[in-house]
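In the part that follows, the structures are each spelled out as structure tokens.
You will see two complexes here that share chain A, one where it goes with chain B and one where it goes with chain C.
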Partner chain A sequence: MLNPPIIVDINSLQENLKVKLKDSKLGMISSITGQELFTLILNNNEGNASLLISDIENNNTYSALTPAIPQAHWFERYLYEMFGIFPQNHPRLKSVIFNDLGIIDYPPLRSVDQNYHHNFQRDTSFLNIEGNDLYIVPVGPVHAGVIEPGHFRISCVGENIINLEIRLGFVHRGIEKRLTQIPLTSLRFYAESVSADSSSANALANALALEQMLELNVSERSKYLRTLALEIERLSMHICDLGGIATDLGFNTIAMELARLRGQVFAMGDYLTGSRYLRNYIGTGGVRKDDDQYLSKIKSLIINLKPKLTKVINFFINNQNVYQRLHNVGKLSKSLAYDFNMVGVAARASNIAYDTRLIYDQGIYPVAILKLANESDGDALARTKVRIKEIITSIALIENVLDNIPQGTTQLVNVKHLPANCIGLGIVEAFRGELIHLIFSDENGQIKRYAIKDPSFNNWTGLAISARNNLLADFPIINKSFALSYSGHDL
Partner chain B sequence: MKYILIGLQIILSLFLPLLAIGIIRQIKAKLQNRIGPPIIQPYYNLIKLFKKNQILSHDSTWVFPLSSIINLSIVLILSFIIPWLPFNKSVFSGDIFLLIYLLALMRFFTIIGSIDTGSPFSSFSTSREVSLAVLLEPAIILALLALAVAFKTSDLFQIFNYAYSLDLIKIPVLILSASSLFLASIVEFSRCPIDDPTTHLELTMIHEAMIIENSGLNLAIVEYTYSLKLLLFYGLIAQCLTHCILIILNLNILLQSILCLLIIFSLLILTSLIESFSVKLSWHKVPDFIAYALTFSFLAVFAAIINGVSL
Partner chain C sequence: MLDIINYLTKQGLATNKELFADLNEACSGIPKINYDQSCSDLNCNKCIELCPTQAISLTNDLDNKISPNLNLAKCIGCSLCIENCPDMVFVKNLRTKTAVTQIEDLVISKEKSIANANIQPILNKNFRPLFKKSLSVRVVSTGCNACDLEINATLNPMFDLERFGINIVASPRMADALLVTGPCGLAMHEAIKNTYAAMPNPKLVIACGTCACSGGLHYNGYFETNGLCPILDVDVFIPGCPPHPWSIIFGLMLAMGHEI
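Now for the complex of A and B:
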């Protein structure tokens, strides 16, 4: 899946990327120790990924990629904040981690280096907007609902939003650093806590990366069970997000029905893994728990759930007022979605046909037949419709898996050490979109760098852009139609 | 006898409003397959709020706490000048114009109280409230004036005096005014589909964001004021509808009271039904909704004028 890394000179990186990104997608840009820059490029046509590594010699600075490649903008902010590498001429090097002091003591992910000096400052400013009839509404970081912290600063003219700025980083836990310090046996527990609502996707990405490093083969049965976990998670979270949209529209009856039906999906997860949120299930080499008797219980639950869920969802989406509220709200055009590297539901709603399940090996994909859920409008309605389509495919996939699951062993492999100087890549379609775990090991077989790119990392920009020129009262719907993770971004 | 009835009315206006809110919530919960809070939960909330400390915004002045107290006084006066129960007796004379101006005065104090806190949420919800009020007030005023024209008096106790000659031509005026007042009450009390009273989203709120800075005793007063005002409005609508029935049927005062309470109860059910099965309207569509209320008011006025000509 991952081609051998290529060394590229930092000065020619921009030209190189420009050519490559014409028919591939930017996976992530980050650094391993702070001395170099790596760029992961996903060649979606060939179904593999290539890694470009460029050394940074010139006093921790390089010429920023963002002016030519807008996809890189958030990655370069992160690079500056976490590694102390300064991208020159970056249009806006705003801080991605919340820190009141505004001073970087030492870039947290940079390897310890006595010679490293810097005088970089955190930029925590907001875009200033001045004029008559303008007012600024600050929302958060503590919200009225039980959600994670994030600060939105909305500049309005009357009821219209002219600019939205998002400040995240309130729940930064240093998880990438921590993942390099803990014993390999507890790696998967930390990896799946990156974003607790997509824990099975994170566990799977971690497992895929480690299996690639160890060159392990996974039994067919494990692949089926992993797919089952992944799809149960997708089903559960999509129902939750749909219910969230119904709540925000004031359609409480539907929201309550969906919450009730989601309980059945939780029960399916509980039968499969012993945890309603599918924690501690997928691991290196297989899955932790495998019991045929529970699979038949899941089968009866999904058969029971399907007609009820379809009925509620049809009632919801065929409602005239729901259509009116969601249609043309929070529009994100295809070109903007491409420019800012949207993934997952947001990308598919803007007519970008991209689903990593169709391209990269994960679970029983891409062998299992999967219908790409695509919509062309790019508004909140399109995102809701993509969710509904994916709910339907998920149910079909769960039934498919339960009907065709082969026999076999699913034993986990106890990982003691990794091969030296090795790279492992795991790409998984979490319910929010493309999730990447990239692991680098050092010469002792220890993890040198564990890089994670959550789908929310790409999509927060999309939210900020699509909120523009919409009604202030519609912002909660736009936010909910993206349904992004704060902790997934903050790491 | 008069004083006993006045006493009864005071007791009812103290205890019925919160019960009405509790009933709406309970019916909504049942419609949504939830168990829901007990009907008397609003009383528990009120007691809880009385015990709590009040937190005031640093930017607020004496205007803020004063506004909620003034509003409470106004709504208590309203409970005496609106004949919302059949046995209500006029304690002091008041008429439709006093009612209209007291409602406007209440809105004024809600608005300055809300602006006084300096919170951005209060400010934008105030601007929303004012834009809606401008559209809404004609609907309420015309609906009440239609009654005044039809009954040739501006005293509400004269209009709903249970002793006028039976005449069928007044039925359309009463029904149209009642419909207009009901639609207006949905906007006035920020219920669905105009505003969702259960929402937690500050950015979509109208009424809830105006009172977002209230806490403790202040919030208790605001909530009680809101619920009493709601009950008075529904009582007024119920009076219109009761009189429609009384034109056809002759009932004694006990049955009249029961009928009136039943109509108030069915209005509460109607509100919860609307709230359970409607989607909050987009902000652009709210004026259209008010236009319906206004249309009913106009029709009521026409009916009243025709009524006057035919006499």
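Now for the complex of A and C:
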């Protein structure tokens, strides 16, 4: 899946990327120790990924990629923040993780060059917006509902949103650093704690990366069981997000009915993994638990769930009020979605046909029966429709997996050592979109860098753009239609 | 609209009538220690090596036997100890009444199990008359979202939190209790303190989930992710990663002063 890394001179990196990104996708940009820059490029046509590594010599600075490649902007901000590598001429090098409320005056992931002389300062300011009749609505970090913390600063004229600035980092826990310090047996627990709502996707990405490093083969049955976990998670969270939109629209009947049906999906998770959030199930080499008796229970649950869920969803999406509240709200055009590297539901709703399940190995994927859920409008309604389509495909996939699951065994492999100087890549379509885990080992077989790119890392920019020129009262719906993760972004 | 009403009338009652039911057999639950069994190999140490959060420690008895201690404030319920223990000392605990009012009660050890086989939570007498009928809760989330989703799940028709007189409110000004989830990183310290200061007296603080109780997986990280205890005095601790909705409701009922 991952081609051998290519060394690229830092000065020619920008030109190189411009050519490559014409028919490929930017996976992530980060650093290993603070001395070099790596760029992961996903060649979606060939179904593989290439890694470009460029050394940084010139006093920890290089010329920023963002002016030519807007996709890189968030990655370069993160790079400065975490490694102290300074991208010159970056249009706005504002902090993405650390803010005024909790500042750490050194780049925490930098592992080389302890006497680091660069004049390291963080910019935590807000964008200054002035004008007649302009007022600012600050929201958060503690929100009115039961959701994660984040700060939104909404500048409005009248009822119209002029600019939305998002400040994140309140749930930063230092997971990437911790992943390099712990025994290999505990890796998957930390991977799962990145974002609880995509814990099985994170565990799978972690397992795929480690299996690639160890050159392990996974039994066919494990692949089916992993797919089952991944799809149950997708089903559960899409139902949850749909219920969230219904709540924000004031359509409580549907919200409560969806919450009740979601209980059955939780029960499937319980039977499959022993946890409502599918935790502690997928690991290196296979899955932890396998019981035919419970699979038949899952089957009866999904047969029971399917007609009810379709009915409730139809009540919701065919309702005139729902259409009017969601249509043309929070529009994100295809070109902007492409420029800012949207992934997952947000990308597919803006007519970008991208689903990693069709391209990269994960569970039983790439599989033919999967239908790509695409919409062309790019508004909140399109995102809701994509979610609904994915709920239908997830149910079909769960039924398919349960019907066709092969006999066999599955068990976890106890990883004690990793091969030296080796790279492992795991790409998984979490319910929010493309999730990447990239592991680098050092000469002793220890992990020297564990990089995670959550789908929310790409999509927060999309939310900020699509909220512009909408009504302030519509902001909760736009936010919910993206349904992004704070903890996945903050790590 | 009539279609929806027609559909709803045929769905029957969703709400669970049995309160605080045990989890079903398939669940992992949290571990407990069966002190009728004892460790056969004095140098086994398997559970300590495997535990990702160092929740297990061993003590030597007077008669030279080893007995394990388990700190539920740190345990994330990964069941590695249950699956790998050769002597079946660690067993599954499927109870949902897990919340306690003193953090020491979350540590399971042999002395305690002898002194009091069934630890009953100690009630905080001060608050009993005030909150017994109703409790308004303000939730502050600082973690991976699992506990928040479970708190949202308590409000669904199956668990129906509001039938117990408990209400999740939007502002600290209306709140009687502050419920915090997650390991409380440095960036949230001030927000938590401010939320607490904005609440009217008397007020309660509840730590929900392993991260809030001790920092859990993230304990001792560079971003001071050590749970709620270093920031505020906590009245009720709800262990679990994430705690089941029934466990959360039990913790809230405990804060109200109910003896269940």
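Convention: the second predicted complex is superposed on the first by the 483 of 491 C-alpha atoms of A that agree within 3 Å, B and C clash if a C-alpha of one lies under 4 Å from a C-alpha of the other, contacts with A are read in each partner's own complex, and residues count from 1 in each chain.
What we mean here is this: a residue touches a chain if its C-beta (ideal position, glycine included) is under 8 Å from a C-beta of that chain, and two chains touch if they have at least 3 such contacts.
Nothing here was measured: the structure is a model prediction, and the numbers come from that model.
In the superposed pair of complexes, A:357 makes contact with neither chain B nor chain C. After overlaying the two complexes on the shared chain, residue contacts for A:437 are found with neither chain B nor chain C. By the document's definition of touching, both partners, chain B and chain C, reach A:145.
After overlaying the two complexes on the shared chain, residue contacts for A:257 are found with chain B and with chain C alike.
Of the two partner chains placed by superposition, A:387 touches none, neither chain B nor chain C. Look at A:108: by the touch rule set out above, it reaches chain C but stays clear of chain B. Counting residues of chain A touched by each partner, chain B versus chain C, the larger count belongs to C. In the superposition on chain A, A:280 makes contact with chain C only, not with chain B. In the superposition on chain A, A:453 makes contact with neither chain B nor chain C. Overlap of the chain B and chain C interfaces on chain A comprises residues 144-145, 253, 256-257, 260.
Across the interface of their complex, chain B is touched by residues 135-139, 143-145, 154, 156, 159, 247-253, 256-257, 260, 319, 321-322, 324-325, 471-476 of chain A. By the touch rule above, chain A contacts chain C in their complex via residues 98-99, 101-102, 104, 108, 141-142, 144-149, 169-175, 177-178, 182, 185-186, 189-190, 193-197, 199, 240, 253-254, 256-257, 259-260, 262-263, 266, 270-271, 273-277, 279-280, 291, 294, 311-312, 315, 485-487.
Within the complex, the chain C residues that touch chain A are 3-4, 7-8, 11, 14, 23-24, 26-28, 50, 52, 76-79, 139-146, 148-153, 155-158, 168, 170-171, 182-183, 185-191, 195, 217-218, 221-223, 225, 241-242, 244.
Within the complex formed with chain A, the chain B residues making contact are 28, 31-34, 120-121, 123-124, 128, 192-193, 196, 198-204, 275-285.
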